[in-house]
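What follows is a group of structures, each given as structure tokens.
In the two assemblies presented below, chain A is common to both, partnered first by chain B and then by chain C.
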Partner chain A sequence: MNKFLRTLIPSDIAKGLAITGKHFCKVFFTANRRKVPFHIVSEYPEVVAKVQPRYRGRLTLLKDEQGEIKCVCCLACEKICPTQVITIEKGKKEGRKMPYPVRYDFEMERCIFCEFCVESCGFDSIILNHQFELATYNREDFSLGMEGLSQNMFEPSPVGKFSVADD
Partner chain B sequence: MPTPTLLQSIAITLIQCVLVVLFVFVVVPLTVFAERKVLGHIQQRLGSTRVASGHIGVTGWMNRGMWKWGRIPVLSYWRGIPGLLADVLKLILKEDIIPAKADKFVFFIAPALSMVSAVVVFAAISFVPGTFFVFPSWFPGLAGLPVSGGIADINVGLLWILGVASVGVYGIVLAGWASNSKYPLLGGLRSAAQMVSYEVPLAISLLAPVVLTGSLNFGEMAQRMATGTSAWGLVPQVFGFLIYLTCGFAETNRLPFDMPEAENELVAGFHTEYSGMKFGFFYLAEYINMTVVSALAAGFFLGGSWLLPFGLQGLVNKLLPAGAWIAGPHAIFFVAKIIFLLFTYIWVRGTIPRYRYDQVMSVAWKYLIPLALVNLLLAAFVRCAV
Partner chain C sequence: MFKNEEMEINLGPQHPSTHGVLRVKLRLDGETITHCKPVIGYLHRGVEKICENQTFFQGQVWTDRMDYCSAVANNLGWAEANEKLFGITVPRRAQYIRTLLNEFNRLASHLIWLATHALDIGAMTVFLYAFREREDILDMNEAFCGSRLTTTAFRIGGLREDMPPGFEKMARKFLAKFPTCLEEYENLLSENRIWKKRTVGVAMLSAEDAIALGVTGPVLRAAGVPYDIRKAFPYAAYAEMDFEVPTETAADTYARYLVRMAEMRQSARIIQQCLDGMPEGPVMAKIPKILKPEVNEVYHATEAPKGELGYYLVGEKGSTNPYRFHVRAPGFINLQSLPKMAEGGLIADIVAAIGTLDIVLGEIDR
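Moving on, here comes the complex of A and B:
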């Protein structure tokens, strides 16, 4: 009898309609009018897109307070990389005890953004930043490196005009 | 008031036709736009706000302009309107492909059938009883002549509406058959079964107003339903409205009864092989059908061009002073009710998931037909007893 009544009286449909109606009204009356809008999308090209804190974007080399490259060429990232996109050439620099990377090449076209390199790094010298606009027009532009190559790993991506560059 | 000559009455009818077609072709694109916005808002999105997605070129210029206007609260809601224009342009300019093994004539005639049967129904719907407006004395040739609220005042209007509206199923079935492909054929067959099944409870639920009013003329029925029923008439009107609306959703192939055009099972159902403006005709016909079903529901159950629904206006009118503005019929109330029902269509689409095919059939035959019959019985009791 109870089931029969529930079939006849569309109370569940009414509940669902109330919920969706509430959502509609909230978004309709707050869109573009309040500091914190109810809708969960952002108008991406005009408004700078915010990604989650753990987002894995492009690989970036970090520098310390004196402007020195933190990397000491332990090759941990090169060894652990599953797609072998990192190539490091060890070198020496005047007035620096630790080894210095002469070349640090990163071929982004094969990178799977697994963050193993960052986890393996014992000196916190690389991170994956929050940049997600990584498309380029040429295949050559995907080979990133230090100064001299088309995409400099210390600077934001040339096509990424709208995303957050770094944290 | 002067009696019009033959030429004048033809001119007046033409003007009425133009007005009604204007109404339909203003409401339908706005419904398409509202569907995008309302579905978006229900899912906490913003709906359509830009043309294409570029930041360069003509569309980029438009997008940047619309973003600037969007800072103004009211204009922000209408930012998607140029997208509608782009849609129409796309439908007209797109290549019209006819499959090699399709039946060319039937393939061509099917969208026209569904479109015509949807539009022609509006001839019997009266937007306001009596005269809509009188031509002013300076108007050349038609000075002082009245324009009535509907195109044709048919005394078996309801039969005519149901008859013409059910021709629309031919459009879908023929489209499915003429495409000479598996998915459209399945979609067409399903829609035939579904629409024939739902025609039965739809007609029975519309019989309740016929019994309550004793008329088949649309304008007369709307007037008696709004102002002439007793307090007991409320019960069959409310139940009849719910049954009619459910059947109307099924009859126009809208979600949750979206069987002919089941995207997740049949690619796109009966119009899989259609492209260009032929597809556009099916698209338009669906939305015009929605408007027709809304107009019938507004006229028979929601009090037509009177303010209050379900015959409450007749009860309230006894308390109101004679000649009060709220007591009389106005076309704007009718249009507002149609628009509210169109919103309800989208609202329900955003809320209820699709039914399975056998569930759709069992809802029609096991629940809606008995309920509609009980409702008809109630209406008959109310009619006899009060």
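Moving on, here comes the complex of A and C:
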């Protein structure tokens, strides 16, 4: 008898519907009225995506206050990189005591964004910025160097329009 | 009039309910499966061999990419196996943070299991709700290690950095709302007649069979064997935690669902204890810059969300690379039980059997 009643009255399904209904009402009746909305979807391309401060994005070379490249070619980053995507050519520059990177090549297509290079650098001369939209149409655009046409190692990537590229 | 013939079909490799690139060869008699054979290897990258050509420090990034749903648990196993090989003691604070992140990872992994398993069986709503909570955990991963899935969370000897400011608040906020979310999932599923029809008595695997096949994790515990490495051979800070190992005796898909739901509650309990009892101190042990092994071989097993995750490392004298590296992947071993579960059942139930095993092909093929 009990079982028959349970089959007749779908209380389990009503229970489930109550949950979805509750959530629907919460979002529907407070739309545009609450400061912190109940819905959790971010309107990404319209609203710039914010990432956490430790986010690991694209490798970037840093310059000091005088505009000098901070890197001193100790090759620690080249050695530690698990995918061997960094190639550095050591050189000299007039009026600079430390070695100077003539070439600093970075093949982004194979980078796995592990931050080992930044960690190994004892001179704080590289960081991973906060960009995550790094896809391009041409394979050549992934080979970054100190001077590049569409993107280089100093500037934020021009393709990442909707992610923050600060610090 | 018609000839009675068996039919052979392929399930996968591009099938949404095989959770990756798994191909299952099925022989059917009507709707009944008479023969079932999983075919794997579509995602083979040779992680073990790659790691043998890299230093101990670099190896961790490849463990991220094995079981990408629970990268932190993989990192933990790798870091601890190395620490065992080199005889490094990790500071207590680092142990606590590791335990904390590992349990968050277990929650994320179980949530993705719940979401996809329910979706396979036909319950769409749970999928969205479970992913909502998983998102918070991924945000915490991002806050802690800078990446959402491929975390590279730990370092040999401890952690790279301490907890970021605001992390504890995020974690507490999540813990405060998580029990209500769990109740929501249970209200949606536990009593649901369709869910019960699709799971109760489906894909049975008795305790004897499970032990004989080497199955571990929630699948084994749902057969009534209370084997959990966190309790049996405590690692990280699990020896100081107070938690239970949930078991069921029914050994079917529904029992595995109950076990995993109970496990999520226990994980939340462990996280609470970690947050409350977080000791002060450094997070990194003093380790030499170049690691060269002294002991020759180690095997270290951890309880990953899917089961026993073991790392076998052989060190060579004077070399900075492992001589041999082998992974005992829980998914790989658990998948062996698929024929046992599916044979004799209906073809519709193989989807439930694959889902309940909670496999990730990245780990099976490596």
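Here is the rule we go by: the second predicted complex is superposed on the first by the 123 of 167 C-alpha atoms of A that agree within 3 Å, B and C clash if a C-alpha of one lies under 4 Å from a C-alpha of the other, contacts with A are read in each partner's own complex, and residues count from 1 in each chain.
Note that in this section contacts are C-beta pairs under 8 Å (C-beta built on N, C-alpha and C of every residue); 3 or more make two chains touch, one makes a residue touch a chain.
For clarity, every value in this text was computed on a predicted model and none was experimentally measured.
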Q. Thinking of the overlay built on chain A, is A:21 touched by chain B (first), by chain C (second), by both, or by neither?
A. first
Q: Would you sort A:38 into first (chain B), second (chain C), both or neither based on which partner it touches?
A: first
**Q.** First, second, both or neither for A:114, with chain B first and chain C second
**A.** second
Q.
On the A-aligned overlay, A:82 touches which partner chain: chain B = first, chain C = second, or both, or neither?
A. second
(Q) One more residue to check, A:46. First (chain B), second (chain C), both or neither? (A) first
Q: Tell me which partner A:54 touches in the superposition: chain B (first), chain C (second), both or neither.
A: second
Q. When the two structures are overlaid on chain A, which partner does A:10 contact: first (chain B), second (chain C), both, or neither?
A. both
Q: Identify the overlap between the chain B-contacting and the chain C-contacting residues of chain A.
A: 10, 13, 16, 19-20, 40
Q. Can you list the residues on chain C that touch chain A in the complex?
A. 54, 57-58, 61-62, 125, 132, 135, 139, 142-147, 150, 152, 160-161, 164, 184, 187-188, 191-193
Q. In their complex, what parts of chain A are in touch with chain C?
A. 10-13, 15-16, 18-20, 40, 51-56, 80, 82, 112-116, 119, 128
Q | Of chain B, residues touching chain A in the complex | A | 38, 40-46, 49, 53, 55, 63, 67, 70-71, 73, 76-77, 242, 347-348, 350-352, 367, 371
Q. Can you list the residues on chain A that touch chain B in the complex?
A. 7-8, 10, 13, 16-17, 19-21, 23-24, 27-28, 31-33, 38-41, 43, 45-46
